[in-house]
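In what follows, chain A forms one complex with chain B and a second complex with chain C.
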Partner chain A sequence: MLSPALRTKRYIWRDWLMSYLFLLPALGFFLLFVAYPMLKGIYISFFNHTLNQFEFVGLDNYKFLFHDETFIKSMRNTVLIVLIAVPIVIAFSVFVAMTIYKKSEWLRSLFRGIFYLPAVSSVVSITVVWASIYDPNFGILNYITSFFGMDPIAWLGDPDTALYAIILVLITTSVGQPIILYVASLGNIPASYIEAAQIDRANSGQIFRKIIWPMLMPTNLYIIVITTINSFQVFAIIQLLTSGGPMYETSTVMYGVYEKAFVLGNFGLASAMGVLLAIVIGVISMIQFKFLGSDVEY
Partner chain B sequence: MTAIRKPFVLGFVLSMLIMLIAACSSGNNGNSEGNASSGEKPAESNQASETPAEPVEITWWNFPNYQPLDGEVGKYEKEIIAAFNQQYPDIKVNLEMITFDGGPEKLNIAISTNSAPDLIYDAPGRIIDWAKKDLLAPLDDMVTDEVRSDISEALWKQSMVGGKTYMYPINTAPFMMAVNKTVFEKMGKLDLLPLDRPDRTWTFEEYKTALQAVKDNAPDVIPSGFFAKSQAGDQGTRGYITNLGVSRFLNEDYSAVAINTDQAAAALDWIVQAQKDGLIVNGSASLAASDVNDLFLQGKLAFTINYSAVLKAQNKTLKKAEFEEVLLPFPTLDGSEPKLEPYLGGMAIFNNKDEAKIAAAKKLIDFIANDPEWGKKNLIQTGGLSARNSITGLYEDEDYKYSELARKFITDPPTIADGYAEIRTYWFPELQRALLGAATGKEALDAFAEKANEAISKAKAAQ
Partner chain C sequence: MRLNRSPIISNIIVAACALLFIFPFYWIITGAFKVQDVAVAIPPEWFPLEPTLENFETLFKNPVWRWTLNSFIVAGGEMVGVCLVASMAGYVLAKKSFPGRVIIFSMFVAAMALPKQVILVPLFTMLADFGWIDTYKGLILPAIGWPFGIFLMKQFAQTIPGELMEAAKIDGCSEIRMFYSIILPLLKPAMGALAIFTFINGWNDYFSQLIMTRSTPMMTLPLGVATLKGEYTTPYGVLMAGAAIASIPMITIFVLFQKAFTQGLTMGAVKG
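After this line comes the complex of A and B, so read on.
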């Protein structure tokens, strides 16, 4: 006969084991398909790994990248994309969510559906449509601007417009999920808070700043982190629309990784680029958690 | 509870790590076993070649080199394999169709992960690069004296490295321009095209006059195409500029860039100006070769600069408008004979350290290229000319007859230069710089030369 203490201990142990057994499949996949490639990528970044070579070069790949104009330009473009796209996605999503969350259920669903459509559509299909919109010779955008007396613009071929044209496509594909989440979060804000503020004669700006925005912080944190990471990793849109051109003006670190690894077969250099990108994303995410996470209550 | 958990968590994580390492190292062991066994395979293969009944399985990765049968990509290849298996029932061929878009990347990954196919039908640009990296099996033992002497030196030059043959040349066609003849007929300006000349050669000035005529008389049609979005189709922009500027792309021993001449720079400057003047498609810096050919196939472009008999055949089903297209050589500044880079298609075998597979792959190459019944049929299905000089008259079409005549203009392309894969990554960004006014033609070509020469030196040093 086991003592009650031992029985409890056994129960706890069995409970613990069962929990980890249930976690095992997911953990196994994570270790095999995420953690292992990540560690292998770091390892490869210290090698000159091409189609027929694999020799240790220490930090040479990193040293090369810090002096490579194309990489520096790609990093600059990547940061620019994040700095422009993320605030616009957040602001636009909050605006749309604020506009529709008090509407009837039918209308709310309609708008959510419309804005979420790009999120469930193939990026390739969307990008192909945008390519025809931006077409310098027969695109609808130039057709519209011609009514204002403007000469045709090569939206994707002009260094002054190409990156912004990419950012616009990125924004259209990024706003779907934030809008859904903001609408849900706004619905969870107790009406009594807002009514109390209205009784105290708070205007709508004050209500937004003092009540709605702070209450949206958990959602904000998630959306900002996810949108930042997605913006850092934008690839398909660039590959399909500009191939990083013109003159590397739309090249990003992710596109550079693809080009170095799969076009040139230089896996060492590509891995080093990937590691640097991961470091940048990691640091920025930590900063975001530090500054935005402090007010979050779960 | 924490006291209980900590060692368990630690133990669990450690055991997972050990499992992972074991899995990875067992993979490595698998590889080394694979290598070991493949090291032993030559013996097996010798046995296999002695006893042909031993079954062998090979993998053939193919770009859409053959026109689809009944609209189905890969169907024709399956017919080849079925016919091949009637002669060689013990060789199982696994076909995998790859695309021109993603195929090269897929091949790079396969090679770097030791899972390259046994057989590939491709062009010298990639094949020679692999050969230089010692990834391919030499094919000299299957090239007969008859075949050796029946294929021009220029084509062999593109198929060999260090005196060894790594690509078995099969089909070819010179890359050139194409014109929408119907546009000129409708304008009543057919005399502006050099179609009455047997070799259709013409001058830069004549070409300019033709472009101006399109601009003046056919407002819905863009006179000519140009593109610089990416490296795909770069033989078109190379051929265009080298001929307009009567220059070579690389020097004769492939040791340095030769296109940065004043004449070629003037040709590039003209292209930039022609784009501004509406003689060349707007936004060419952001257009790919396929975009320009799409415009041509839609009847919206009078001249396209990256065409060949093979592309003409492959584009048949993609044509969106009714018009007659005719192949033309690139015009030259002084009316001298054009120099046309050839398209060359051929087959190569990856050296996967399995002699039996290499021997089986050679049999398939021989069947595809030289079978009395299927050899000719296969050529026609590619829409190309035979790499062999003696095999002519495959088609009745006038443009094919012209393509055969234009073989005399074939020049040695840069595709076999050391560092070619890197060289071409510097070409289109410099074209973009010129097209966008960030550099003059000379500055752009000089900048390209500097980077490309460095790539050549680096590649030579790495050998």
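After this line comes the complex of A and C, so read on.
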């Protein structure tokens, strides 16, 4: 990097010092506000920690959670949300990106913008309008389904539909970034690859499977990882639309953490839930990395 | 079938989906101008025939200006903090070699895979110990610790040619001046993208803001709007007016800076 003339010992030492000084603010903020709370969360999870209590209880919080029906239900809902939302988000985003990436710059920006709208506007605004759309008495969704002879449904109040109603809102807020990334990746695939395949009379299905999809793999990995993490974290939509109800049918681990800590004041139990969620996410991210990607650059 | 043109049927489906994505925003904006009776009418009034400003009058009986100011302070503070800290760290991680570089960078990358929300409970107890709940510093400073910005700036700083720095060094340029007058101007495009990205994230960080604020005057705009939900009946008109006001700043920023924003999103993730 530097010419030998500049590589004197004193210079190198000063260069190191400067580098550490430049890193200091980042490291300071990171250690104080990310690393320390992470360790503190693990520590608190072994305590019965409420507003006026702090007592070591070993693994009791964890033991309690493994037998707690609402926690198990929340974990099931969380996994269900991820399993349903992630594939739909990926498939929909690839489909939209394939359709728009060859269009004029103007049209591409327009569509990217439209599909990004729900992600960029406040989640509170999104839930306000969806609450009105889903309203059992005067919601527009029931008005539309009534034309098909359907009886009104309390979309967010019925245990059979509530979770899916939540997932739909989650999907609309999740596809924006994947579409932007897929459009960018598709634009990077050299046209000659596809032309060559066309000369060899490959049909569009083959071209997609054999050329386009493999070329999208690095982007796929990134999108799958961030969409999975986002789906695991869904909180505001649930808190504002259903508060985890009816009967914990839409409660997720993240919502449970909030409820345990900030509604019921049990920080120890909430921290244990946070730790378990982090472990689940960590394991799933590792599996995704192992199966999907080896050529991701850092 | 040729791939350079997408089939008509997919064009139609995408256009229809786009309309479905726009509809909630249409519903917010028209709903904001409907009186309650009209807002809950069946069949729905597709366009407000007698638009009213009543909802906005009710809305502004709440400290909406203060909430808006809070949102700008919080999102703006995070933006400035992240850009400063991340550009300094990203630059040395990309361009310098020193002991511990790889370890520090891997630590940042590993933390990026962890969802921010799992540490909110311990973070809250820590900020409560500091007495930082319901303060601007409690809302702003924790967000600066998240390493996404560092990762982005490092990726971008790698493209700065080393000869440039060497030449400056030979001319006797000090390290701080070099950063200020050579590196920073080169990092500008990346920093623009990071700034917009951080601002939007800060504006929309509902969960953190929900638990870090207590009093009505310290609420951010989205939080404030969420409290307008009535206990027995839902005042849809007022909520829609609030929803419109909470979204408009972000949508405007996004439309104005779409290019920089798109680049920022793409930079960290897409090769080539």
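Keep in mind that, in the parts below, the second predicted complex is superposed on the first by the 274 of 298 C-alpha atoms of A that agree within 3 Å, B and C clash if a C-alpha of one lies under 4 Å from a C-alpha of the other, contacts with A are read in each partner's own complex, and residues count from 1 in each chain.
Here, a contact is a pair of C-beta atoms (placed from the backbone, for glycine too) under 8 Å apart; a residue touches a chain by one contact, two chains touch by 3 or more.
If you're wondering where the values come from, they're calculated on a predicted model, not measured in any experiment.
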{"item": "Touched partner set for A:264, first chain B, second chain C, both or neither", "value": "first"}
{"item": "Partner chain(s) touched by A:16 [first = chain B, second = chain C, both, neither]", "value": "both"}
{"item": "Touched partner set for A:109, first chain B, second chain C, both or neither", "value": "second"}
{"item": "First, second, both or neither for A:95, with chain B first and chain C second", "value": "second"}
{"item": "Dominant toucher of chain A (residue count), chain B or chain C", "value": "C"}
{"item": "Touching partner for A:36 - first (chain B), second (chain C), both, neither", "value": "both"}
{"item": "Partner chain in contact with A:27 - chain B first, chain C second, else both or neither", "value": "both"}
{"item": "Which of chain B and chain C A:141 touches, first, second, both or neither", "value": "neither"}
{"item": "Chain B and chain C footprints on chain A, overlapping residues", "value": "16, 20, 27, 31-32, 35-36, 49, 135, 137-138, 258, 261-262, 267"}
{"item": "Touching residues on chain A, where the partner in the complex is chain B", "value": "9, 12-13, 16, 20, 27-28, 31-32, 35-36, 49-53, 135-138, 152, 154-159, 162, 242-243, 245-248, 258-259, 261-265, 267"}
{"item": "Residue numbers on chain B that touch chain A, as the complex places them", "value": "1, 4-5, 8, 12, 16-17, 20, 23-24, 104-105, 108-109, 111-112, 130, 133-135, 222, 228-230, 281-288, 295, 300, 421-422, 425, 428-429, 432-433, 435-436, 438, 462"}
{"item": "Partner chain C, residues of chain A touching it in the complex", "value": "1-3, 6, 15-16, 18-20, 22-23, 25-27, 29-38, 40-41, 44, 49, 92, 95-96, 98-100, 102, 109, 111-118, 120-126, 128-133, 135, 137-138, 140, 143, 172, 177, 180-181, 184-185, 188, 194, 198, 203-204, 207, 218-219, 222-223, 225, 229, 232-233, 235-236, 239-240, 254, 257-258, 261-262, 267, 270-271, 274-275, 277-278, 281-282, 285, 297-298"}
{"item": "Residues of chain C that touch chain A when the two form their complex", "value": "1-6, 10-11, 13-14, 17-18, 21-22, 24-25, 27-28, 31, 39-44, 81, 84-86, 88-89, 91-93, 95-99, 101, 104-105, 107-109, 111, 113-126, 141-142, 144-147, 150, 162, 166, 169-170, 175, 179, 200, 203-204, 206-207, 210-211, 221-223, 225-226, 229, 234, 236, 239-240, 242-244, 246-247, 250-251, 254-255, 258, 262, 265-266, 269-272"}
